[in-house]
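Okay, so subunit A shows up in both of these, paired with subunit B first and subunit C after.
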Partner chain A sequence: MSRSRIVVIVWYVFLLLPLYWLFNMSLKTNAEILSGLTLVPRNPTLANYRTIFTDPTWYSGYINSLTYVVLNTLISLSVALPAAYAFSRYRFIGDKHMFFWLLTNRMAPAAVFLLPFFQLYQTIGLFDTHIAVALAHCLFNVPLAVWILEGFMSGVPKEIDETAYIDGYGFPRFFLTIFVPLIRSGIGVTAFFCFMFSWVELLLARTLTTVNAKPIAATMTRTVSAAGMDWATLAAAGVLTIVPGALVIWFVRNYIAKGFALGRV
Partner chain B sequence: MTLRLEQLARRVGKETHLYRMDLTLEPGLNVLLGPTLAGKTSLMRLMAGLDRPSEGRVLVDGTDVTSRSVRERSVAMVYQQFINYPSLTVYDNIASPLRLARLPRPEIDRKVREVAGLLHIEHLLGRLPAELSGGQQQRTAIGRALVKEADLLLLDEPLVNLDYKLREELRAELQAIFAQRRAVVVYATTEPLEALVLGGRTVVMGEGRILQTGPTLQVYHHPASTDVARIFSDPPMNMLEGTIADGRVSLGDGIAFPPCAHLAALPAGRYRFGVRANHLGIARRRPGDVEFPAEVALAEVSGSETFVHLLHDGVDLVVQEEGIHSLRLGATMSVFLAPGQLYAFDAAGALAAAPARREG
Partner chain C sequence: MGKTENNKAWFLVLPVFVIVAFSAIIPLITVVNYAFQDILGPQDRYWVGTEWFKEVLTDDALQEALLRQLVFSTAVLLVEIPLGIVLALGMPARGAGASAALVLMALPLLIPWNVVGTIWQIFARGDIGLAGWFINGPLGLDYNYTADSFDAWITILVMDVWHWTPLVALLCYAGLRAIPDAYYQAASIDGASRWAVFRHIELPKMRGVLLIAVLLRFMDSFTIYTEPFVVTGGGPGNATTFLSIHLAKIAVGQFDLGPAAAISIVYFLIILTLSFVFYNVMIRVGTGSSKS
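Right after this comes the complex of A and B.
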């Protein structure tokens, strides 16, 4: 066996071992997990998954997470598309500074914004709602979305816009029927990043919710009970948490490469 | 329709792209001729309404349209780059201005097919622009501009990105198409030859100013200034300083001859004499040709012609000669000048005398 092949295999083992371990655990019982090392479950069981899909405290976590993530992606895109168009097409006073300033929003840790958001949402009655988390995540996702989309939009020649106006297109119709199809891949990449950031963000999501909009990641951190840790169910929840991200990556994998090529991701 | 530009100027920041100018364009072909950065594109964008002038007015049939948006004007434009809607098929690309004008479907179909036939792209109607060659893409763009039947058709160096063969082919077709239209066609180009082939009227531009306007051939034969003569001549017109005195024309280093008909009427004084490359030769063509020595600096063979770059009295001269000639660089050789083809410009650079033409 050649050396390079060994290196590749070792690399894959390192990469996949934690994932395998998680999957392995999710098919075991708590008793087996605690009894010692087994590489393959002795009595494979889907009971852990069944628990998650039948217990509302578990599955509502997924529904909550997906709700605010999808909401956030939609809001971020609908705000960022016109903003990015303005940055890519028009020159106005301070445009470059403003573009950079948008990005600096990403430089502060989320914890900085925790207190103002918490207090604000408490005051206006948005606390523990999906829209609250979705809006809070916009703080990070909108700048990123504008930044990525601007790169894709600047790749479309301005003459296409002008030709459309000469042909008689109004702005909304031109934007939706001509322009948006041209930057589909950019929109795909942007949606992916918004989705991922919102999906993995825990601090804001956990602090701004209690019961009604509690995200799955928060649910997972609260499985310690008097009887000890529920390892098996937690493992199953972990596997299910990976799935949406993996699905989204699968759909946009070709666009991502393009996004990297444009140097904006 | 008549397009009138009144005291039009355009500045961007501190830079002046167009100096104050007046221009009236009538239906028919108008060639905007000028080197790059002459302001051709800036001027066309003002005509189209894509940019607002810093000063002055744009009038269409006497109505001020300066502040009217491009969507409300009857204008079509073809760019130097091949601009189509990448997500639409060729058919939908050409049909889009008609759809926006809410024409009935059968009429749209008839017009699209007619224009596609005219431009020989009827077999490509189902394809996307990305699946076409450059020439076909530009045909699609031209088709979209033509189908609209706008009063003002602007073409900004439409053939410059095409190869030589395609360019000649499409130019000939465009000429035939323009001839049938009642629109004001404005065609920008950097190539004097293209202006001559297309005919019509020519507006010569240089560095943000209109230098001369008139029927193409007349402008070619009577360039108003040395600038126009240089721009409207490919290779640029050769210029030699000289004088007319005591019934003799002397120019360069010791070239002297009695003035022929068109120069004889000029008063004595200093002049700048211009002669086109094709009126210089490296062999005697006519008995009256004046011979003078020059040093060979470069010889370029272009197809069936040779451009010989020579140095005489510190001035670069270009000779256009039929056939392929290989010449030794640095050698001194005889150059022949046809005195009857000399242009004379006065000290300010304005035309003083042009060679007589039979057609006037």
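Right after this comes the complex of A and C.
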């Protein structure tokens, strides 16, 4: 067995242990958690999960999160597709500066935007709505989407465009019926990344919402109360936040290898 | 690859410009507005010039946070990049195991950041966490991340390695899969050693993706907030107060708009400079290497 294989096996153990521990705790009662360490729950219970699925303040958090994540993915993709095409095919005034400026927004720390966003969305009356969070997440997801899609589009030979134009296709028809299907794996990968970064972000999502659009990640802070931490429910909620991500990875697993290179291999 | 000169392409970029400008430029103007004024109430504001900047830049707390941030980002890169490469080389390339390995590897990336914090907060606790219990008990070391600065640092660093090394590994894995088998066959005919194969075939082919990995990891670790906030809250003391945590404490915690805005601008300029350097390096290396 080669040395790097051993490193990989050790890594996967390291990767899975904290996740197992969370899962393990989610099946216990608070009494058992606090009474001492047990590697396997003594009396496995689904009570913690039942709490989450029956309490609207809990499960609405999941619905809110998924709503703004899906909205954000749709907005990001629909504006990024034509822009990425422009960057991959044409030279125009200020194109390089524009591309750089977009990238700086991907790198900008969310903490800088905290207060201005709060005031901006309150002023325009979108505070505590799903669309507010979706728009705020566009700050980093749109540049990323343009970047990834540009990589994939540059891999498509230009001759295809030229042939289509000679055949009498207009731009919209060519783009939607020929070009988009050609890069559909790239679009899938981009959607995956948009979903991922919107789903995992909390700082902006929490700042822009109070009740109606409150994300699940913010709901989880509720478990701290005067009676101490509700570790068991917290663990169950944590396990449930991993599920959508795991499902999404499973769907794109065949594209992951290519996708993570952002179309640049 | 020749691109056509066409300024009408701007119409295609316009929606992106509008939507990002809405989220980036308007807030930035607000920040600049605050940075040069002392705002006591809606009708009660004074122009203070560069006073906030002077106050903020001579503030020890900010300098310490910046230093901490640089040390942290450097440590993250030094651990995650080599580890990611080794993992990518060792992951199964094909067969049923490959799919499962990929899905598992990507799992930490899709966990909300505060849940990552929660997972490690629980896992590293001495009383109810497996790792904390193991280190204190069977290993016999004195470990408590809520009280000891060094332990807190190690916890945050290990958490970040757990969370983000998969990104580096998956990028490198993607780079490796793009190498045709013929390269390896040629190398084995020449009797090349494992190291020579890595140094002269695999590493050059991974150069593009490695640059993306370094860029993303540096920038994301430089703006880290949620995970250490959940685990340590910036403590003990200020031991793990990184730049974003420092900024959020002043902006949302104390509601000091002026200093917070001044820090934001300084922070943003640092990011801008670093992005500029990275971007230019990427373009140069990108065009010089195998960007096919």
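Note that in this section the second predicted complex is superposed on the first by the 249 of 265 C-alpha atoms of A that agree within 3 Å, B and C clash if a C-alpha of one lies under 4 Å from a C-alpha of the other, contacts with A are read in each partner's own complex, and residues count from 1 in each chain.
Just so we're on the same page, a residue touches a chain if its C-beta (ideal position, glycine included) is under 8 Å from a C-beta of that chain, and two chains touch if they have at least 3 such contacts.
Since this is a predicted model, take the numbers as computed values, not measurements.
Room for both subunit B and subunit C is found when the two structures are superposed via subunit A, with no clash between them.
Once chain A of one complex is fitted onto chain A of the other, the partner contacts of A:Pro82 are limited to subunit C, with no touch recorded for subunit B.
By the touch criterion defined above, A:Leu74 reaches neither subunit B nor subunit C.
When the two complexes are overlaid on their common chain A, residue A:Thr241 makes contact with subunit C while staying clear of subunit B.
Contacts of A:Ala164 after superposition on the shared chain: subunit B is touched, whereas subunit C is not. Residue by residue along subunit A, subunit B and subunit C are tallied for touches, and C comes out ahead.
Once chain A of one complex is fitted onto chain A of the other, the partner contacts of A:Met196 are limited to subunit C, with no touch recorded for subunit B. Nowhere in the superposition do the C-alpha atoms of subunit B and subunit C come closer than 9 Å.
In the superposition on chain A, no residue of subunit A contacts both subunit B and subunit C. Residue ranges of subunit A in contact with subunit C, taken from their complex: 2, 4-5, 7-8, 11-12, 14-19, 21-22, 25, 33-34, 37, 39, 75, 78-80, 82-83, 85-87, 89-93, 95, 98, 100, 102-117, 119-120, 135-136, 138-139, 142-143, 146, 154, 158, 196, 199-203, 207, 216-217, 220-221, 231, 234-235, 238, 241-242, 244-246, 248-250, 253-254, 256-262, 264-265. Interface residues of subunit B, counted against subunit A in their complex, comprise 48, 50, 69-71, 75-77, 79, 81, 83, 85-88, 96-97, 100-101, 141, 144, 148. The residues of subunit C lying in touch with subunit A in their complex are 1, 3-10, 12-13, 15-17, 19-20, 22-24, 26-28, 30-31, 83, 86-87, 89-91, 99, 101-115, 118-120, 122-123, 127-131, 133, 162, 165-167, 170-171, 173-175, 177-178, 208-209, 212, 219, 222-223, 225-226, 243-245, 247-248, 251-252, 257, 260-261, 264, 267-268, 271-272, 274-276, 279, 291. Taken in their complex, subunit A has these residues touching subunit B: 157, 159-160, 162-170, 178, 181-182.
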